[in-house]
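There's a structure below that I have some questions on.
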Amino acid sequence: MSEHAIAEKSAQQLNDEMLSSMCTPTWRWYGLAFFLGAVVAWGLSAFAYQVMTDMSVTGLDRPVMWGIYIANFVFWVGLSHSGTMVSAILRLSQANWRRPILRAAEAMTVFSITIAGLFPVIHLGRNWAVYYFIPYPNQRGLWPNFRSPLLWDATAITTYIIGSSLFLYLGMLPDLAVVRDRSTGWRQKLYAVLAMGWRGTAREWVVFRKASTLMAALIIPVAVSVHSIVAWDFAVTVIPGWHSTIFPPYFVIGAITSGVAAVITLMIIIRRIFHLEEYLTPLHFDNMGKLLLVICLLWSYTYFVEVQTTWYAHEPIEWEVFSFMSGKYTPLLIIMLIGNSVLPVTGLCFKKVRRSVRAMLVITAMVNVGMFIERYLIIIPSLSHKNMPFVWGTYSPSWVELSVTAGAFAGFTLMYTLFAKFFPMVAVTDVRELGHRHADIRLGRAEVHSITEEEG
Amino acid sequence: MEKITSPYKWGMIVDLDRCTGCGACVVACQAENNVAICAKKEMAQGRNMHWLRIERFWVGEYPDVRVRFLPVLCQHCHDAPCEPVCPVYASYHNPDGLNGQVYNRCVGTRYCGNNCPYAVRVFNFYDHEHAWPPPLDNQLSPDITVRPRGVMEKCSFCIQRIRRAKEDAKAEGRLIRDGEVQPACAQTCPPEALVFGNMADPQSRVSRLARSPRRFRLLEHLGTHPSINYLKGGGREHV
Amino acid sequence: MEALGTFSDVETANRAVERLVKAGFAEKTITSLTSAPYPDGVLVKTDQRTWFRWMSLGGGIFGACAGFLLAAGTAYMYPVQTGDKPIVALFPAGIVTYELTMLFAILGAIVGMFLEMRLPPRRERVYDPAIGDGSIGISVSTTSGSESNRAASIMKEAGAIRTIAEGNP
């Protein structure tokens, strides 16, 4: 929507349109929530079956002791970079087109990191003993081993869950106040508590703006460190194909790719469902498309570097891992390269493609399919063909692991569905602020539209 | 904080020129350490529980075919990749130079199993209670536990035997003599291809054999500094 | 004690602010209540300086100490040898220290922000829900009920849709 149109609509009309997702749920919403709940329940029961029986119900064996659960873990951590990168970076660079996108991106971060945090518990052989990880004074005479990358994971994910939840909540504070003012009954009480008595005084806005900027600046290094730490789970080992110094930057770039693509996909979906066509315009998709193009180019670069150095040095066991992967998983490899590299880089160069919602949906969905495959192809082939050829093995996920994966996807979507119903899906006050900063100025012979910049 | 030192530094010699690939060591290890007997299905799935495996390689073309045997067990690396990655200290380095595995501490992340370049660590994918239906459970060694599901295990150089020997030696006020403690595999090996002893004692049999020019180590380029030295090359390199 | 007036647009609200200033109310006692922010000075001028960022810094320093003690301190107190890694390993300790620094910096920022905004409020304050739908509120802090009334009547004359004056029996 152009700033003109925002300035012309009344505040109430803007509120009505942007908060339309929070109306009384329709039978369609209940149907969706019920279906997703059923898939989650299926995933949970598969997990319960695994805990009650033993780990033989998975497809894991020696030597492939990490499988699709860890692929899921890395994928969901990667997806959690969506909100941080999109929201925080765009806030700090003061890009005005970020405004309708922020909330969706930040919510996506919180939900995907929550799902990601479940997988380290799911993949344990003795899940009930997971409290051994927690550093608290105890009578066992042992603290957890902080030299282990898994403990760095635990620390980083805790920090990121707390940080991104607070980031989401902070951004929502003024919007929650608007919702509080418009609701009645139990909802009014709920939002009144959440809004913490926000009134929108000038002073509150000053502090709020500075806090948002500070949080955006703080959350970006956390996000970079989280995925670097996940990358170190692999990079600090002696496993051929994993022991590579490019892994941390490679994983961070992969995460941003995954996240930006997912935000675009989500934008398309919520735009359609909540009739936000005037707020999420082709301009927004154009700009996000450019962002995605750049980041896919970076991903292609890092992947090329990774393969090229393996090929050139041709260390026998490393090359063996790569040729095993490209030989056994050729279809997956091709889909990955098309999804992450060929399709986005060629397609997104064209403005027509970027502005077409349909094309963007296809491209971004393919990017995420490609990214999931990429995680799988990093983890499993390296473990399959390790250093001692006598114990080379294979792996394919079992129905239990696939059910839990499906449950995770459904859980994420369900959380999103619930969130959209109870919380403002578009950053209402942020979008309205644009209208306050807009003015048509007569300059020479034309009437130019201008936007006041935010204070420094 | 002072470092705990020990007069022992356990090591082993595997003489490949003597190994016949009979597999008696594998059976002995299984008997001594309550290692589960695995069904055909488990073996086919790659989930066998052998702490010690005999790798067999065929060399050459018919009719000039030879076979090579390589017994691989936990190398008890001095720079073990499996130890720092365990988040709960279930895998640690013993002052005696052994790589210890603490079963009741293991939560089953399997990171150690991944990071072991020799792939000697095995994971209890199955609950092996059914492996010893009564009266077979009478054969279980009382000195060592039966591991539950979800726990990693591996060769411990028969630490229960080392413990016993230490107690006996301490009672008599002396150190363990060379050859007094033998893990099950070394005790059983018919051609004496497996030799176990104290590497810190330069006169022990393992130390003397380790000075042999035939000596090599597995995956030496990874810098894991294993405690096991392999011997090969008694003039039969064409084999 | 506050007097609140609700206005339908920016111009009417501005006139009210100017009349209040002319009537003797200090500018720093007047503030705007809006559901979406206006650039500084459009309605009222506010002090742009904030102190909550010091709390973020303090949180960061606390987190750094906590992280180091957790990673290096616990390893030192309960030493277990793993691989050839030193008991106090600096790379891992550095990573954990960094994470906890950021965590407590973030927590410090949020707590500091709420403290500086003085939220949640200890007592009920004047508010008009119409502000959520775009009306602009002008609030004057006063010291007595009669001053509140005077402010409220000035705002009414300037075109307020609704006024609330606190401190009346």
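Order as written gives the chain letters A, B and C; numbering starts at 1 within each chain.
Operating definition for what follows: a residue touches a chain if its C-beta (ideal position, glycine included) is under 8 Å from a C-beta of that chain, and two chains touch if they have at least 3 such contacts.
All figures in this text were calculated on a predicted structure; none of them were measured in a lab.
Enquirer: So which chains are sitting against chain A and chain C at once?
Expert: The shared contacts of chain A and chain C, listed by label, come to B.
Enquirer: Report the chain closest to the protein's overall CA mean, measuring from each chain's own CA mean.
Expert: A
Enquirer: When the C-alpha atoms of chain A and chain C are each averaged to a single point, how far apart are the two points in Å?
Expert: 29
Enquirer: Provide the C-alpha centroid distance between chain A and chain B, rounded to the nearest whole angstrom.
Expert: Distance between chain centres: 45 Å.
Enquirer: In angstrom, rounded to a whole number, how far apart do the mean CA points of chain B and chain C lie?
Expert: 64
Enquirer: If a residue has to touch 2 or more other chains to count, which residues of chain C qualify?
Expert: Within chain C, residues 80, 82, 85, 89 contact more than one other chain.
Enquirer: Would you pick out the residues of chain B that each touch at least 2 other chains?
Expert: 81, 84, 86, 89
Enquirer: Give me the residues of chain A that touch two or more other chains.
Expert: Within chain A, the residues that touch at least two other chains are 142, 145, 147-148, 151.
Enquirer: Write out the stretch or stretches of chain B touching chain C in their complex.
Expert: 1, 77-81, 83-84, 86, 89, 91-93, 95, 225
Enquirer: Which positions of chain C touch chain A when the two form their complex?
Expert: 31-40, 42-44, 46-48, 50, 52-53, 56, 67, 70-71, 74-75, 77-78, 80, 82, 85, 89, 92-93, 95-96, 98-100, 102-103, 105-107, 109-110, 113-114, 116-117, 119-121, 125, 127, 129-135, 137, 139
Enquirer: Contact residues on chain B for chain A in the complex?
Expert: It is residues 42, 45-48, 53, 55-57, 70, 72, 81, 84-89, 105-111, 113-115, 117-119, 121-127, 148-152, 219, 222, 224 of chain B that touch chain A.
Enquirer: In their shared complex, at which residues does chain A touch chain B?
Expert: Residues 53-56, 58, 60-63, 65-66, 120, 123-127, 129-130, 132-133, 142, 144-145, 147-151, 154, 233, 236-239, 383, 386-388, 390-391, 393-394 of chain A touch chain B in their complex.
Enquirer: Can you list the chain A residues touching chain C in their complex?
Expert: Those residues of chain A that touch chain C are 10-12, 14-15, 135, 141-143, 145-148, 151-152, 155-156, 158-159, 162-163, 166, 170, 174, 177-182, 196-211, 214-215, 218-219, 221-222, 225, 229, 428-430, 432-433, 435-437, 452, 455.
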